[in-house]
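In this document, chain identifiers A, B and C correspond to the written order of the chains, with residue numbering beginning at 1 in each.
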Amino acid sequence: MTKLLKDMTVGAFSLLKGLAVTMKYCLRHSVTMQYPTQKMPMAERYRGLVDLIPEKCITCYQCVKTCPTACLAITHKEVDKKKTLDTFKYNMELCCFCGLCAQVCPTSAIIMNKIYEISVYDRKKFDIDLLNREKYAQWANPTVK
Amino acid sequence: MVTILTFIFMLAMGALILGFIAVSAMFLIWWERKVSAHIQSRLGPMRVGWHGALQSVADVLKLLLKEDIRPAEVDILVWWLAPFFAVVPSVMAFVVIPFGGNLIIKDLNVGILYIASISSVCVIGIFMAGWGSNNKYSLLGGMRSAAQMISYELPLILSLIMVAMRAGSLSMQRIVESQAGCWNILHPDMAVACIIYLIAATAEVNRAPFDIPEAESELVAGFHTEYSGMKFAMFFLGEYTNLFIVAAIAATLFFGGWHGPFLPPVVWFLIKTYGLIFVWMWVRWTFPRVRVDQLMEFAWKILTPAALVNLAIVGWILLK
Amino acid sequence: MYTEEFLINMGPQHPSTHGVLSLELKLDGEMIRDCAIHIGYLHRSMEKIAENRTYTQFIPFTDRLDYMASMNNNLAYVMAVEKLMRMDVPARAKYIRVIVAELNRIASHLLAIGTFAQDLGAFGTPLLYCLREREKIMDIFNEICGNRLTYNYIRIGGVQYDLPEGIDLKIGEFIKYMRPKVDDYDQLLTYNTIFLARSKHIGTISKEMAISYSLTGPNLRGSGVKWDLRKDEPYLVYDKFDFDIPVGANGDAWDRYKVRVEEMRQSLRIIEQAIGGLPEGEALSKAGRIHKPAPGEAYFRAENPRGELGFYLVSDGSAYPYRLKIRSPSFSNLAILPELVRGLKVADIICVLGSLDIVMGEIDR
């Protein structure tokens, strides 16, 4: 009988202690942000979409070989025995944002930018050519369809 | 002449109560979302109106516009009447709630008995919903919920009896007036009765940690699955109305009703009621859920004997 | 009274989200008579993919095995490759690997605790507190490697980049922030009488049963067996740190939960010692880009938050592995479920499943 009463008092006290924890957080500030009016700034090394600085590219094809999901495709053209970049196709659907292409590029021509709001209404929009800068710029403004 | 006047009076009071219930339920839905959000370190509804104040209005409009789906094989009369049986008794209990000094619709001299008997009809509503849905999970959920509510009525009514014994009357206004000098909860035997009442009332209104019918979506879908649109809204409304009723009764019986300095009595009554509702919400968002057999064990083996012992103690103190 | 058993499918999607798992329960009223498990809804044929990818290219795939503990998966795979190639790693890289692995252990256990409380009905509050703490860890990882869930940070021969400036201050702040929070969970959940009533004496696993079903991780330690690969077969620099191995007494769901909470405290101790003793040096040894190990085989196992993750690699001398086999802890842990649930009520199966802490990504691969 006394054990039952002791168990009940200990149990009731544990419930009250739990309530104290919840009240402590009820009275504190919230930790959330009101997205999309407030957005969290991404870190410096954040891996968003793949981006290209075309002048630095030497068409060594290392990024194409190292991508685990084969989402990059390059073609080059020879002009006076010098290779220049013709098209640089990037399929955003297949990209897994691993950053291996940026790590392996010898001239740091591929970088990962900070764009993470990449939803579209039409699947064909995922295939882009990184040399076509104005089409790529639409991703910086996610409200553009 | 007299009968027409009373008839108009009845209609006016009915409209007033329904209006109050509607506003109160919408406020409580918003309040619940805000309290749960702040407990969880987040903000809750913020966009619709100032800090989301109009969110309930948006939700009610949405529910009104939803399609009312009726499954083909339901037992039509039972299924259709169930929401009414769940909501109407709670609304009827408003007749004897003392909002202020003279603000009571009809001070029946069997006030507490009336409330206890009316709230038992809610169980029938849930049972009808479970049976009429023609769904074995709804039936299981409905039966479980009915068992829970019936088991916890015994400690509930015992604690009501204790208050009636001390006040010497079943009428709600007499009970409030008997607490004029000192609230009931300040007496130790009444404090125990208050705790028993609060626990039993939590189980009666199906709130956590006793919310098995509501949230047993692990396997059993609950008695209100086959309801959509306005019928579901009625169950929902019934739940918040029930919550208000049990809080109002607790405030009246244990916390002094509308007594209090400076402010008008109505304001004190509402402060006490909504304060108790805050405690209920605080408890809901803290504790895990109790299992069904543990629930029944708790009711029959711990709460009812405790209530009986306390009843004996109250009687002994009064006879002294 | 005539009653019959009926079959219920707790289908691939259910609210106690441990992924897509299908349980076929044979119920007799409220009591469970038998349970059959159906997996394979998340099978992505990772082991076959590995045969067509180079060793470095497969590292992003290991992230997606047990997506709650990506760093630990990366670590186990990379150390298996390094064992195959007999390659050594600079000391600074070893310390960094320990730090990120232990941080990920804390993140994974936070989620395990949060979802366990959610399954029992504490409808949101413990889970949201745990997610709030996880956000801080994910912010640290965001600064270190650039991603929040699938890190792809550990490379063959070290780690991808060195730690950025100021990260040790941030990690120190996180440790100071986290310690009182673990005490909060103890106060809110662990000794709560309703929580105790729901999880004590449920799903008890004895020592012999745990060993015979080859359970690993907190499930094994909850049953009283003191076996942890970090102490018994130390890898990286775990033998230099001072930490305890928490062990449970009875082997029920509550013990497994308590072991996870205590492991979080011990991980905080390890991180503190590692940050304090971080040596100078480079973070990635210069071993070339294409790895062509000599023909042979290697098996390496690491202590993941869920148990023992093992990678078995067979190489035939080319840049692609000949065969990769993954021994995932959740696959072996799940096998004990039918044994445990016979005779329990329906509400308890959720509790047992939550306490085993499985992730379907690992089971189906």
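Rule of thumb we're sticking to: contacts are C-beta pairs under 8 Å (C-beta built on N, C-alpha and C of every residue); 3 or more make two chains touch, one makes a residue touch a chain.
Since this is a predicted model, take the numbers as computed values, not measurements.
Under the stated contact rule, the graph of chain-to-chain touches is complete, every pair of chains being in contact. Set against the Cα centre of chain A, the chain with the most distant centre is B. Remark: among chain pairs B-C and A-B, B-C carries the greater number of C-beta contacts.
Rounded to whole angstrom units, the spacing between the C-alpha centres of chain A and chain C is 24. Centroid to centroid, with C-alpha atoms defining each point, chain B and chain C lie 44 Å apart. Between the Cα centres of chain A and chain B there is a gap of 48 Å. Among the residues of chain A, those touching two or more other chains are numbered 15, 18, 21-22, 25, 31.
In chain B, the positions touching at least two other chains are 39-42, 285-287. In chain C, the positions touching at least two other chains are 125, 129, 132, 188-189, 192, 194. Of all residues in chain B, only 35, 37-43, 46, 282-283, 285-287, 302 touch chain A in the complex they form. Residues of chain A that touch chain B in their complex: 8, 15, 18-19, 21-23, 25-32, 34. Residue ranges of chain A in contact with chain C, taken from their complex: 10-12, 14-15, 17-18, 20-22, 25, 31, 42-47, 66-68, 96-100, 103-104, 112. Of all residues in chain B, only 36, 39-42, 208-209, 211, 215-220, 284-294 touch chain C in the complex they form. Here chain C touches chain A in the complex through residues 53-54, 56-61, 63, 125, 129, 132, 135, 139, 142-147, 150, 152, 160-161, 164, 184, 187-189, 191-194, 289, going by the rule given at the top.
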